[in-house]
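Some structures to go through are shown next.
Each of the two complexes below includes subunit A, the first together with subunit B, the second together with subunit C.
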Partner chain A sequence: MKRLRDLLPLMAAAVALVVLFALAVPGGRFLTVDNLLDLTQQISINAILAFGMTLAILIGGIDLSVGAVVALAGTVAVATLPVAGWPGAAAAGLGTAGLIGLVNGACAARTRMPPFIITLATMMVARGIALRFNEGRPMPVPDSQTVFLALGNARLLGVVPVPALVMLGAFVLAALLLHRTAFGQHLYAIGGSREAARCVGIPLARRETTVYLLCSLLAGLAGLIHASQLYSAEPASGQGFELNAIAAVVVGGTSFTGGVGTLPGTLVGAVIIGILDKGLNQAGVHFSLQYIIKGLVILGAVYLDVRRRK
Partner chain B sequence: MAAGGPSLLELHGISKRFGATMALQEVHLELRAGEVHALLGENGAGKSTLIKILGGIHRPDAGELRLDGIPVEIRGVADADRLGIRLIHQELTLAPNLSVAENLFLGREPRRWGLLQRGAMTAAAEALRDRLGLGVIGDVRVRVGSLSVAQQQLVEIARALSTEARILVLDEPTASLSEAETALLFDTLRRLRQQGVGIIYISHRLEEIQRLADRITVLRDGRSIGTQDAAQLSAPELIRWMVGRELREHYPRPPHRPGAVALSVTHLVNDRVRDVSFELRYGEVLGLAGLVGAGRTELAETLFGLRPARQGEVRLEGRPVRITSPGDALAAGIALVPEDRKRAGLVLTGSVGFNLALPWAPEWHRGCHVQTARRDAIVERGIAGFGIRCTGAEQPVRGLSGGNQQKVVIAKWMEHPPKVLILDEPTRGVDVGAREEMFALIGRAIQAGMAVLLISSDLPEVMNLSHRLALYRNGRILREMASDAITPEAVMAELTRN
Partner chain C sequence: MKFPPLLAAAFAPVFAMLLLSGCGRPADTAAPAKGKLFAVSFQTLNNPFFVELNEGIRKAVESRGDRLVTLDAQFNSLKQKGDVADVLQQKPAALFLNPVNWEGVKGTLLDARRLGVPVIVVDAPVSDPELVLCQVASDNVEAGRLACEALAALKPNARVAILHYSVNKACIDRVDGFKAEMARHPGMKLLDTQDAKGTTEAARPVMRDLLGRFPELDAVFPINDPGAIGCISAIESAGKAGQVTVVTVDGSQEGARAILAGKLHSTSAQFPKQIGRIAAEKAYDHLAGKPVDKDIKVPVKLVRRENAAEFSGTP
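Now for the complex of A and B:
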């Protein structure tokens, strides 16, 4: 209950934005069921990335590699499709992502290298590997791969976008993990004080590795959806996705120094960023201005959050 | 003692309110030139508010400050600085990545044509060090972070005195100093006193105050109770005066009921522990007496799995155990109350409840179900069973007093009492009343049959609370004896002998 109450200002902000765009977008095109369903589809990738990023930031870390992992996982999956079908492709994509996550986690847990640098490096490596496929050119997904294409584009009962459902599924699982298990408690402890967490017997290295693994796996999942939505694997795609995910996390009230934050908060944060993107677009605001507005909104949201906590 | 210099600083009727709480009410204090004036009071009595007013960090709501009899206003830190008032806070404020010399001249580095005069700075730092007789600081070109806490403390004092100081305010300067280092600090303070500096000295250690102070002012609940000559007061009188109630006994040693051997350590070795062997029985307190830097904390960390052991054997109830992580230690039944409460003892971002329930998280989670009732029961047992004074389980642990924070650290282990409890400086930064409660907790642990390993730099405390005493120096146990079989003077002599 307390958690929900903490979320109220954020949800109020989301509603205020909806009202604003309902008025500002010409022809009342914003506040329609179709448009809002579209919105859920558009935020799904950023939200999935943000869930993983929440875990990483919560323990005082960061994962800059998720954008590159989106591209790499999508590329590997699409390259595997003709040989192994969609189950093999999904496994290959997620497996590759998981491998990057394990490298991130092992480096963060076992060495004293800062996660920012580790994941900056793996970001470059992952991007480079993705670009080795098909000489960096997009690889189309054959139309015969209906299941794979459905992942990003189909609608359940012709209404609810499948990626939105996948996103909700990921949200429920991640939220249960963080808010309903001892594992989740441990993450809060690690983010609050590594030393104190160590002194109550929490296995830091295992927990940390798991967090980076999960973060990368979620990025892999986002990569599959992304490739499906684009009808092709684009090795150069996903650039800057990590920053958008970080924005959703911090707007959602997670402290950048670790130890404080919730997954419902991140979900609302991703929704707010999504509403902004879509609303500004539909209101016909020039894309250069969109950047400026988004930047200011993020700054304002985090400022208010920091002040409220003081 | 001749503490009869002219009146240097006078505080008349100083009051300060924060929201609903009166932090200070009509406080009076007179500091003379050339005296050490001890300011005493339990945590929350208003000492820190008072010194923050002197330092220009807070401004009083009412009252008057006079320097040399002339009314002054301290509107900010710069004012305090200009008037020659120097504050030395409990927490160190040095930049650990800079050298001693760089720290000493931070913000007013000697420059020529805008370029740093490194040679001149080093020479000036050395001159300052020697003038103050603080040779133990050593090479001024060394990074501050590589110095011991005691040396850092002395650097802090040297910095305060690097420009002309008339009033020096020290807040618990000996909290992390050993006896020898304390003596060194006192020598420095006595020299300053002779030079006519007025010193306000805050400490919880009464022995120290009796050794050093000329006069004592006691604060209780934000009021100044009075000022007396230090020589006229005995320790029990002082405590009664300060607390406003009779404390039963200064150090109630728990009854000694040694049982079976709980922990036995043989030839334990790593980079900081040099061949340590000892036995610890149920129902007994083994005290580790040593100087700061003797490596007692490192021994505790090794036993708890925070540092790898290279050689040696640890047995619990006769069975060898392999401890490579705190998880192993806890599984074997060894719990640690670490030295650095705020860094390692508590998750400061969490609430009281969060911290109390954290070690037992797997117990109150079933799959994806949080057993709230079970968690609340654990938390309630901690709060009620250990008299933790808080507004409730959800109060952030950051807001508790030092004593109550320490109770949280200890209480969290008592849900399932460990076999061996290691306490590393459990009374550091804890006021007199809460110290008594801490002693009572140790007594309870013994009565419950636990084995306690106590590390404390407060010699009277460790001698009076423990049944057996191990003199620890340089990673080794020099000698072990019944605590009654040796005098504090003899202990000091052994610990400091070359």
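Now for the complex of A and C:
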């Protein structure tokens, strides 16, 4: 339960933001069930990316390719839809994402190249492949593909957005993996000290490859939701998504040097960023100020976290 | 635990900003809830064209005592979808939309329909016109055609490159118009088409490479004024000023000044303020129960040396 107590300040900050915006948004339109359900749907893509990013950062790595993988997986899936239906499209999208993840993982685990550079390179490659489709133009999802469109747009029982449920599912699986298995313990050990982890016999290369594979697969899942939500694949989309995911991870208390961080923290981090985006929009704050405020909040959150750990 | 004061310190800027924004920019805040609320979402505001279009809408809306919220999607379809969902929760009287992705806004259009908010698309078209009240845009095909016509009058045997922005529907229309006119001039030849996103910083290196690859290149169509500025810079740094003719579309102040300086041959002027004003008028017509035309094309006008002064913004 120590972990949960660590989360309290973050949750307090999230609640403080909700109260602030409930007061600042005219007509009491912020704190409505509809608006909050909308929020869960809006943060789903960033949160799913951030779950994978947490694993990568936890072992002292990083994955800059996730934004491009969102675009690539969505594009491959939508291109496959007419011939293979939704199961084939999902498999093709996730398979492509997994392939990029394996390349990232193999390079990071078997060579001395830094993950920052590896994933910067695969980001460009993935983006380039996505832009090979349809001259880089958006490709529509046919209206007949109701299952694929439901992934991003439907609401369970007409209330709970499906992408939010997918996000929760991904969260539960990733959290169990990280916090309840030996695999998860190994990741903390690797992030704490690679040498020590190697000495106690943790299979470093296999663990590292798995982390990048998982990170990419989650990005692929986000890509499917993204294409579904936009009713189209957009090869040029997803730029900067990796930075938003990193922001959620660090606001959620994961240390950039590895070894420290939790998935519940990341979830709350993604919620905080989502509340900020939504609240500032609805309070009518000028978009230039929104940047400044978001930057200051990230700076403040990380500062507090660093101080608290000292 | 010494957390709460620190927390307050971290979030003080947020409070301060919210307060500041409340007094500095009355049009962007929703603080005094008087008049009707309108919202507009642009694919980018990093382009004078959209800033002026925004001004056109804002003037029309505020002159009637109503208010406008402006949102910048920064070329991110997902951000646009989220932004618009946020303002739709506030039940605006109408939504003006300039889509990043003309296929990808369908979900947004369905949401707006469900909430009964009329949508007016400005500048770039969408692929589901039946979901919107009307579309107001420049006649982009004609703008491209005028650019090619101006070029053909000067260089009937031009060797041309196009700097495209191939994911933008308005730019696709311009290039279609340009190519259609080119087909009427058998002496002209298209050497290559490259993508430069219609920005100065992207156009410059692309143009440098084209000049290196094609020594015979003597004309370029960079689809908008920011792209043309990048091309001109590349041409000058390659020492080819005066040899390569630049024709484009936009009619911004920067473009007109480049024409007066003899660096740009022509720009087909769009009238963004007018697009904004017409879009707002259509919204009010609809709210008053009057019928509205579905597809409104705002005419463009060729800017050349003779008339560039009136577009340059200098008295």
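Annotations for the structure displayed:
Definition applied: the second predicted complex is superposed on the first by the 310 of 310 C-alpha atoms of A that agree within 3 Å, B and C clash if a C-alpha of one lies under 4 Å from a C-alpha of the other, contacts with A are read in each partner's own complex, and residues count from 1 in each chain.
We take it that contacts are C-beta pairs under 8 Å (C-beta built on N, C-alpha and C of every residue); 3 or more make two chains touch, one makes a residue touch a chain.
Computed from a predicted structure; not experimentally measured.
Overlaying the two complexes via subunit A leaves subunit B and subunit C side by side, clear of any clash. In the overlay built on the shared chain, the residue A:176 is in contact with subunit B alone; subunit C does not reach it. In the superposed model, A:193 lies in contact with subunit B only, and not with subunit C. Legend: residue contacts after superposition of the two complexes on their common chain; A:260 is shown touching subunit B, with no touch to subunit C. Comparing subunit B with subunit C, the partner in contact with more residues of subunit A is C. Shared-chain residue A:234: touches subunit C; no touch with subunit B. The superposed model places subunit B and subunit C at 130 degrees from each other around the C-alpha centre of subunit A, with the value given to the nearest 10.
In the superposition on chain A, A:304 makes contact with subunit C only, not with subunit B.
Once the two complexes are overlaid on the shared chain, A:282 sits against subunit C while remaining clear of subunit B. Taking every C-alpha of subunit B against every C-alpha of subunit C after the fit on chain A, the minimum distance is 17 Å. The touching residues of subunit A, counted against subunit C in their complex, run 9, 12-13, 16-17, 20, 24-27, 29, 32, 34-35, 38, 42, 45, 135-140, 152-153, 226, 229-232, 234-237, 239-240, 277-278, 281-287, 289, 292-293, 296-297, 300-301, 303-304, 307-308.
By the touch rule above, subunit C contacts subunit A in their complex via residues 3, 6-7, 9-11, 13-15, 17-18, 20-21, 25, 28-31, 33, 45, 69-72, 75-78, 81-83, 85-87, 89-90, 101-107, 127, 166-167, 195. Against subunit A, in their complex, subunit B makes its touches with residues 304, 306, 325-327, 329-331, 336, 338, 340, 343-350, 354, 357-359, 361-362, 365, 367-370, 394, 412. Only residues 2, 176-177, 179-182, 185-186, 188-189, 191-193, 195-203, 255, 258-260 of subunit A touch subunit B when the two sit together in their complex.
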